Amino acid sequence: MSKRTLRTPFFSVNPKSYLFGEEAVQFAIALDQLAEKYDVDVLFTCQHADLYRVSQAVQHLFVTAQHMDGHQIGRGMGKILPESILAAGAEATFLNHAEHPMMVEDLVNAIKRAQALGILTIACANSIAEAQTIATLAPDMMVCEPTELIGTGKSSDVDYMKQTNEAVRQVNPDILILQGAGISTVADVEKALKSGADATGGTSGIVAAENPLKIAEEMIVTVAKYKKEAN
Amino acid sequence: MSKRTLRTPFFSVNPKSYLFGEEAVQFAIALDQLAEKYDVDVLFTCQHADLYRVSQAVQHLFVTAQHMDGHQIGRGMGKILPESILAAGAEATFLNHAEHPMMVEDLVNAIKRAQALGILTIACANSIAEAQTIATLAPDMMVCEPTELIGTGKSSDVDYMKQTNEAVRQVNPDILILQGAGISTVADVEKALKSGADATGGTSGIVAAENPLKIAEEMIVTVAKYKKEAN
Amino acid sequence: MSKRTLRTPFFSVNPKSYLFGEEAVQFAIALDQLAEKYDVDVLFTCQHADLYRVSQAVQHLFVTAQHMDGHQIGRGMGKILPESILAAGAEATFLNHAEHPMMVEDLVNAIKRAQALGILTIACANSIAEAQTIATLAPDMMVCEPTELIGTGKSSDVDYMKQTNEAVRQVNPDILILQGAGISTVADVEKALKSGADATGGTSGIVAAENPLKIAEEMIVTVAKYKKEAN
Amino acid sequence: MSKRTLRTPFFSVNPKSYLFGEEAVQFAIALDQLAEKYDVDVLFTCQHADLYRVSQAVQHLFVTAQHMDGHQIGRGMGKILPESILAAGAEATFLNHAEHPMMVEDLVNAIKRAQALGILTIACANSIAEAQTIATLAPDMMVCEPTELIGTGKSSDVDYMKQTNEAVRQVNPDILILQGAGISTVADVEKALKSGADATGGTSGIVAAENPLKIAEEMIVTVAKYKKEAN
């Protein structure tokens, strides 16, 4: 199935369970205008119950589920059926986030189903070894926050970003890489993009900020600047 | 918070992952008309991504989530935030279904959060002992399909339905009981209601039938008949 | 089946995954001598692979598994069969620890199986609501560390210990209560016992101390003192 | 660390939760004699609580855990610490069995830890895609029972055995492959080895047989015959 192509560098806004309902819709609309104004591709994740409303309200955002199960139409009470998020207008889904880790079999199936249905996948890993394993499944994007390197004192932030970028690309150079850990300032966005990542984004650094839209705009402006320089 | 009161006996249609998107919406609309026509309360579960569309399309159904997590606004990537299903128009949620079993802590928190927010809860149990434990949490409804009694040859279907009804009511007589295992004919509906259950319902017996709406109508007519007799 | 009766107040040493093999056996032997010397009942948890060796090496300790599954003889690859820990000499098992949370059904079955086999159970809860639910299952002992009260500033440590003691005993006064959060000094042991708990114990406060056996002895001496006063 | 080398074809006896305690020890001793008599390498899995006793009682068997967690010495209540099974005499462990599926991160860590400690790993997969993903982690052995091919009518048993053998070897030719689904007769053992697998084995086909030791011996004799032919 056809998927919309992401233009790099892109940006991801991930409100987790901070936003829902009307507030999520309004924030998505505002981000949609920023995506258009600065000509930057922006992923926006929301609660499953909000996917339809958000999709209906926006034109540019890549509306993204926060999780999806790898199962088939049929049984599966309470599971997130891939077809259901697609029908609700989602174009992408996160998978295997540290707050929603997946069994090996589920992740394998979820990526296969997403590929068959034309859903973009953003798979998460907590270590370089895990990232390289998941990379063999060819998700469209990966987020890698290797806990084993954090706080060792041996690697700077940028060093481990580069190291994970390289580890993933060594397995599959087509996977786009999002460096998103602890992004709360424009300087963080710059650092992530300087590492060679294809994208960056934020959660609490944006939605828990005093003025979420203001910081989101500043970050998107920064991404736009890097995008121009790259082209 | 206020919850709409369910009038007994009521009926539940639970399409699990069989239906999604436009097809789920159309089926819900048809069931909504049956609920009105026969003056029977009907729960309709759907994929989380469809809760908003279905809620917008119906007037009588109790739109019901198939699962909900017990967590708070904040972190929780990929979790189903209680507030999100409420904002999408859901009035109820299943919890701890055999296809989505919950940790003790999660179930306790989910029922507490539902009570605080005014979301009706339908908690599932696989044994009498489990049913009695969960009953102490005072969910609004319970489904109990005690696998230990099935196929023993010692208890008839109706016997174990009565036994589980009694086991739950012994702990908390206010909990409404739904007997829903293997319901695929009008006779099954009658048997469940004759056991003294407050409700019955179906999944594959309805959605995988040749004419789902026809069998749903026959079942709802049967529930309506029992409802009249009871009043 | 018959279970050895615990004499209160008792003490629990819980090395989690800090100790294993010969080192666990030697530490158990030393604790066994302290249990005898001070005439205090002591639970000692260890890795499943060490249960047999430890049981063979001690005479007084209640050798305790750190987890047990609620399943039956038969299938269940990789599960901890209740019969297996009993055959290895364990007299007790922890259940539903925060680092190994259990599904509702599993916990219900595990406690039922333990009761049938004569294995003592220590069930853990993370909130008062969860503690009261689990108390309906009548485990022999409970540990309750209600995260919702910690750090609120409204309740002192001893206050919440008393509150959880009372909450559990309100449901079932026969359940013995172990207050074990953050026990690393003799003063902590005294505080826990003063709260009215039946037991206390430690993990890292003991095994990660400079001299584990010395701190264990001081704590056991303190328990012995309270035991004498109580009798 | 050094690991004992498995000589192919080898055999695996996997009693899951069917056997425990003294009965497991006695069965292991009998199998140990068969392993010696027929000069065939035999893996024997047992409950964690029995690993030490079984290891002490046998000389030839590869004593094998049914599961192991991928965590480090420290916290981890109720987890199976890799060091603990090694200290108990185990030489190998199953991982990610369908009855104990693992999170991606846990499996990655478990295989890494096993490699560091010199524990042989037998990783399980339920589909060809999952098998190929796991093969990138280089476990020593793999079991693949692809549910997607079973019962399709399009592939014979031997066909899908060959297909999975090839799929794994394509990723990493050093991984030994065990074909173990539904092995209950000598003919089944022959079929598995004819497929080109490095090993086969059984669970209920052996331990639930009228005379477990007799069928085990017949199967081991068959493996020995293939071993001679191969050398």
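Note that the chains are named A, B, C and D in the order they appear, and that numbering of residues resets to 1 at the start of each chain.
Assume a contact is a pair of C-beta atoms (placed from the backbone, for glycine too) under 8 Å apart; a residue touches a chain by one contact, two chains touch by 3 or more.
Remember, predicted model here, so these are calculated numbers, not experimental data.
Steps from chain A to chain D, minimised over paths through touching chains, total 1.
For the self-contact between chain C and chain D, the two sides draw on mostly identical residue numbers; the shared fraction is above half.
Taking each chain's centre as the mean of its C-alpha atoms, chain B lies 42 Å from chain D. Per-chain Cα centroids separate chain A from chain B by 34 Å. For chain C, the set of residues touching two or more other chains is empty. Chain pairs that touch one another, listed by label: A-B, A-D, B-C, C-D. By the touch rule above, chain A contacts chain B in their complex via residues 14, 16-18, 20-22, 45, 47-53, 65-67, 71-81, 83-85, 87-88, 90, 94, 97-100, 204. On the side of chain B, the complex with chain C involves touching residues 96, 101-105, 107-109, 112, 125-127, 129-130, 132-134, 136-137.
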